[in-house]
Amino acid sequence: MKQKKKSFSAVIGISVLLLFVILLENISALIPGLPQVFQPTSPLFTVLKKAAVYSLVAVSMNLLNGFTGLFSLGQAGFMLLGAYTYAILMVPADQKEQVYYLFGGCAFDSSLMDVLGKLFGTSGAGGAVSMILSCLIALILAGCVAGVFAYLIGIPVLRLKSDYLAIATLGFAEILRAIFQWQKLGKVTNGANMIKGFPTFSSFNITNSSGQIVLRLSTFVPFLIVSLCIVLIVLLINSSYGRAFKSVRDDEVAAEAMGINLFRHKMLSFVISSFFAGVGGALFAMYVANAQAKAFTSVMTYEILLIVVIGGIGSVSGSVLATFLYVACSEWWLRFLDSEQYIGGFKVPLLRNGFRMVIFSIVIMVIVLFFSQGIMGSNEINIGALLNRFKKKERKQ
Amino acid sequence: MGNALRLENVTMQFGGVVSVNNLSLEVPEKKIIALIGPNGAGKTTAFNCITGVYQPTNGLIEFMGKPIVRNHPTGKAAKSYKGQNEDKYKNEAVLSPTPDEITGMGIARTFQNIRLWKSMTVFENVLIAKHQHAKQTVFSAVFRGNLAEEKRMRDETMALLEEQGLDIYKDELAVSLPYGLQRRLEIARALATKPKLLLLDEPAAGMNPQETIELADFVRQIRKKYDLTVFLIEHHMDLVMNISDYIYVIDFGSEIARGIPEEVQNNKHVIEAYLGVAEEAENE
Amino acid sequence: MKKITAIMMATVLAFGMTACGAAGGSGAAGGSGDTIKIGVFEPSTGDSASGGKKEILGMQYANTETPTVEVGGKTYKIELVMADNGSSADKAPSAASELVGKDVSLVLGSYGSGVSMAGGPKFEEAGLAAIGVTCTNPNVTAGNDYYFRICFLDNFQADVLANFAMDKFSAKKAYCLGENGNEYDQGLVAFFKQVFEAAGGEVIADSFPTNNSDFTSYLNKAKSEGADVIFTPVSIAYAKQIMEQANSLNIDIPFLGSDTLDDNMVLEATKGTNLKLYVSTFYQEGGSEAFDKGIKDYINSDSNAMTANGGNDTISAVTAMGYDAYYVALEAIKAAGSGDKAAIKAAIPNVKYDGVSGSIAFDAVGDAVRDTAYIKTADTASGTWAFEKVQTGSGNK
Amino acid sequence: MEYVISVLLSGISVGGQYALIAIGYTLVYGILRLINFAHGDVFMVAGLMGIYFTATLPISVSLPLVIILTVLLGFTIERAAYKPLREAPRMSVMISAIGVSYLLQNTATYVTGGQPMTYPDIPFLSSTVNVAGTHTKWVVIITPFLVLVLVFALTQLINHTKVGMAMRAVSKDFETSMLMGIRIDRVISATFVIGSALAAIGSILFFTNYPAITPTAGAMPGLKAFVAAVFGGIGSIPGAVIGAFLIGICETIIKGLPSSWDVSVFSDAFTFALLIIILVFKPQGLFGEAATDKV
């Protein structure tokens, strides 16, 4: 009974959030004269998109590190696989020549979208269907490729313990990066060059026949996909398998003695986490509108790991919350630290380029040292409970 | 009735140290059998060999008449091998199941130093032990395809907790329970895997005499109720003499005596090697 | 309780910051009455920070020189708005939308093509024109109507250098070394190879992994393979490393470098050695005496500018390019007759401007029409650049 | 032939420099079971200090000063970022290490303005020498010998002094040593002091040879040194040194393979592949001791 009520309020919460995002995105068209932040081009939406993408990756990493107790640092590598899978599948045939200009075209001369375009048509509603459908298929395939690689990598490395596993997965991510940058594979990966020209979030904006945007969905789409994925992860965590993961984290020996196949469950968690990291990577490619191996360095993994820690290891809502705070701080709110500022006639000392990142890393250290449980610890935000609290307050008043 | 468990020439050697030396013993079905010996005698190592935590260097273990573990020393281990019978199993296939496979066959255990899942509630601790028998795949679990199965697991867990008198604590963290109840919870968790053979590793460690007496009754009860065979390691002589049908005594990895409680109690070797130490342990 | 407090704090912080952002945004929009803002989209952290800062320097100097523009009888103050794109494609979109959010009229930058390609779609979406200063990858402007650039392209530069190698050294065998996964390096190497091999030469292409510091193996390889020239279109830090190590190995094969090597850091490394270094570049010191003197005074008078320039007053070509870019922007604003971004975008294709780096005009794709590059050589005795020749590509032969 | 010698020479010198960093990793890991991700960045900071001090002070003053301040930095990092987390799970400490690394890199970017800095010429070490027809710097020749001397000194220290004995005891069993009255904090500090001092010396050698320093200059050598430490068997000093030399030489050989194979880009990837292979087949490394879990 309780369980049902909980999931019901979660569904409501997510739908409200998604509706809110659509509204927020289109509000400037409805009510003119709003401040700059609400304009569709404001950094608010860029930050929201990036945070949505990162939160999926952070939650997927949390599934592995927080819920299964496997310290893996390969997330950037799996994102890379996802991003490239999506990009390679989705560059339209007529753009390939331009994108792969160094290599005289791509090894595959068609794309998923072209194939589906033949089925449903390329313009109007048919075009929309083929675009959406091919994006979805490509996203799922992106996850699958990452998952399959995770399986192959997992066979040797999942037998390793904590730090060794971390360093081995980090190593795998670096190896993958070197392979994808190899000029000899240029026909497929475009070597060092970025792959671009595939559909991005903006492609989901609905336009009228003259090309004007009628309804903006470019922030809504990542939110939708990401919430869907996170819901799936949460369902997994709350299932029998999720509990088995947690038992592996708490005590491997006891878990094994109680009939839980360690290797199988670790592998399961690793593959699933990588699947979603792959989807996250594909979404990341959509966000930056390109795919280039250079972006997927170990620094990216560290960033995501820090987000997980700030949010609380073992808390999904913590990870999500932390991602939004982290991305907004690092990419938006703290930007003023990078340029000279005057308060009255006084020039604030120290402020110049690069200062933002110094402050930011100090903040991170403070959190790691003094709030080692993170924002949420291992608790979750419970929408139902929050609502109840509000209700109680109202009653009191 | 046959033997639930049979060890034959089991030797476990770590580098140059022989922890279990050529141990052979039988645990008949539906009985309570004890394995005793002073500290460091190799009792827990023997348990670990049975449950698949370690792979014995040499020997054979049978469960319900079927071989489940079998090994013989090879390579480096063969050169440094100090035990006996190294040729006996040479021509037979090596069997080395993982602990979860052994649990799946119907052997469950508890641990000397309680190993409950710390971040989880009493209810969850028992529920997870049901996982291996659950009829669901990851997909059906995620998409809630088989809610009936989940409900069945929860109901069974609840029933088990009620039987053990742990139901009132079900939403508390396992580690917050008093020591004696943690022991009991560990046994309940082991029962949740539906074992035929239950291995108890020092179930009375850290208990006062009153609790120990209760424990003896409890072990007898569950043996009867779940139609189990019980094989236990214990230091508490009172408990061992009270509940065991048969006792094996080991020291330095080798068997030094066996028999019904009265026989063992009066055995010269046992008194020499063991009882002195045991009394010390009791005096602690 | 502690948890709740933490959440509360986080939420308050979040809302506070959003409000700040909102207030800042709207304030900026309101203040545009007599100010026109030009966005500076450059890296000041990350791998390309060094080049980015020098480019900014040129813009800042130009801004102090001409801080206003007269449009339609009214004098507007020009304000430069900085956004650090962090040299990485994942930070670039948010930096771009930061500029869009600050309501700038057009954007200058960036140093480095990858970030320009990642930020480009944001500018396009916002209908904001961007003028690339030294992003030389063909894909920056291709497929993006809103991106222009005033520099030449990779293929042109490679072409120039290949011709120079054959003209000056009658080179038959060239050893090319680039960073793995860097589209700039690999692009230049690939084009160089095309031209050089078409003319009957032999090219040995090699790549080194990112963050590599030991180049002795590569240099020895070049030597033992009997290369006539070594082409190293790498970024500044690597170039410096290569020069230092080539010196200790006593390499007497001439080095060819692209525009990135035109940097006083690299120059410093060759001082007092027997190395032969030739670079192709946009600007040669001495090209405009007024500019040279002005920028040197500017650098010497400001300690921050001095640091940004690497501690001395040698003029980098990118600084001259930044300077020219600023004036091209002013021309565009004048031609548009207002600070309106759409009008400016429409005006840019027709802008013609004679800058210190040569005359600038745009072709149909938005690239600068340039048919010459300067080749200069490092004068190792005095530690300065010496003018070698003006080199044209094979198309002009 | 000349080519082979030059490749081997640079391999040995790279290996020697990795060795000095690797010792820091292996000591710290041996005692705290912590991959000190910030160690590579301490190495980078030592390099930067070298640049800033030699700009104003004579070399004879500035180099010892670099070593002293690096030691101080290592000590402070341990006290500020690791000590408060002694009771915390291992993952938290490792994350703290990543945080310190992040902080050091960002601060370095801020201070240097992201410019690649030039390491000064150090008399004698920087001058070139001709070995069997190949030119190289003296530092390349000196490094392996200096490493051997330092390692010898270090093993003497560990085997024959009280601190050394305490270090060995702590690395064998943390809790028991604590119960036996060993002052754990002192031992750990001593470890960090030794590690940082070696990193400082390593930085002088490394950057004399490869004089451009960027804020990320420490990351790659750091990671490779760690791989070397794992390769040799973590906790074992001779293991770390041999591992470092092996990795250094392998890496330069791969870089030196014919260009037509186009495999030199995989020199880093090779290091990691080697690491994974070692971890899978011989997790305790070449000279490490196998650890058994007590059940």
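The letters A, B, C and D name the chains in turn, as written, and every chain counts its residues from 1.
FYI, a contact is a pair of C-beta atoms (placed from the backbone, for glycine too) under 8 Å apart; a residue touches a chain by one contact, two chains touch by 3 or more.
For clarity, every value in this text was computed on a predicted model and none was experimentally measured.
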Looking only at C-beta pairs that count as contacts, which pair of chains has more of them, A-B or A-C? A-C
Quick one: which chain's Cα centre is the longest way from subunit A's? B
Report the most central chain, judged by the distance from each chain's C-alpha mean to the global C-alpha mean. A
Distance from subunit B to subunit A - Cα centre to Cα centre, in angstrom: 45
Cα centroid separation, subunit B vs subunit C, in Å, comes to 71
Centroid distance [mean C-alpha coordinates] between subunit C and subunit A, Å: 31
Provide the C-alpha centroid distance between subunit A and subunit D, rounded to the nearest whole angstrom. 34
If you look at subunit A, which of its residues touch at least two other chains? 178, 181-183, 253, 352-354, 357
At least two other chains touched by the same residue of subunit B: list those residues. 53, 111
Give the residues of subunit D touching no fewer than two other chains, as numbers and ranges. 106, 109, 113-114, 262, 265-266, 268-269, 295
Listed in rising order, subunit D residues that touch subunit C in their complex are 2-3, 6-7, 10, 14, 106, 109, 113-116, 118, 126, 128, 134-137, 206, 209-212, 214, 216-217, 219-221, 251-252, 255-256, 258-260, 262, 264-269
Sort out for me which residues of subunit C touch subunit A in the complex. 3, 6-7, 10, 13-14, 17-18, 20-26, 28-29, 44-45, 49, 53, 82-84, 88-98, 100-101, 103, 114, 117-118, 120-122, 125-126, 137-139, 142-143, 178-183, 185-187, 190, 205, 207, 209-210, 304
Tell me, which parts of subunit D touch subunit A in their complex? 29, 33-35, 80-81, 84-85, 88, 90-92, 94-96, 98-103, 106-107, 109-110, 113-114, 223, 226-227, 230, 262, 265-266, 268-269, 271-273, 275-276, 279-280, 283, 293, 295
Name, in rising order, each residue of subunit B that touches subunit A in their complex. 51, 53, 98-101, 103-104, 108-109, 111, 115-120, 124, 127-134, 136, 138, 141-144, 150, 153, 189-190, 192-193
Mind listing the subunit C positions that touch subunit D in their complex? 43-47, 49-50, 52-53, 175, 180, 204-214, 216-218, 220-221, 223-225, 236-238, 240-241, 244-245, 248-250, 265, 268-269, 307-308, 310
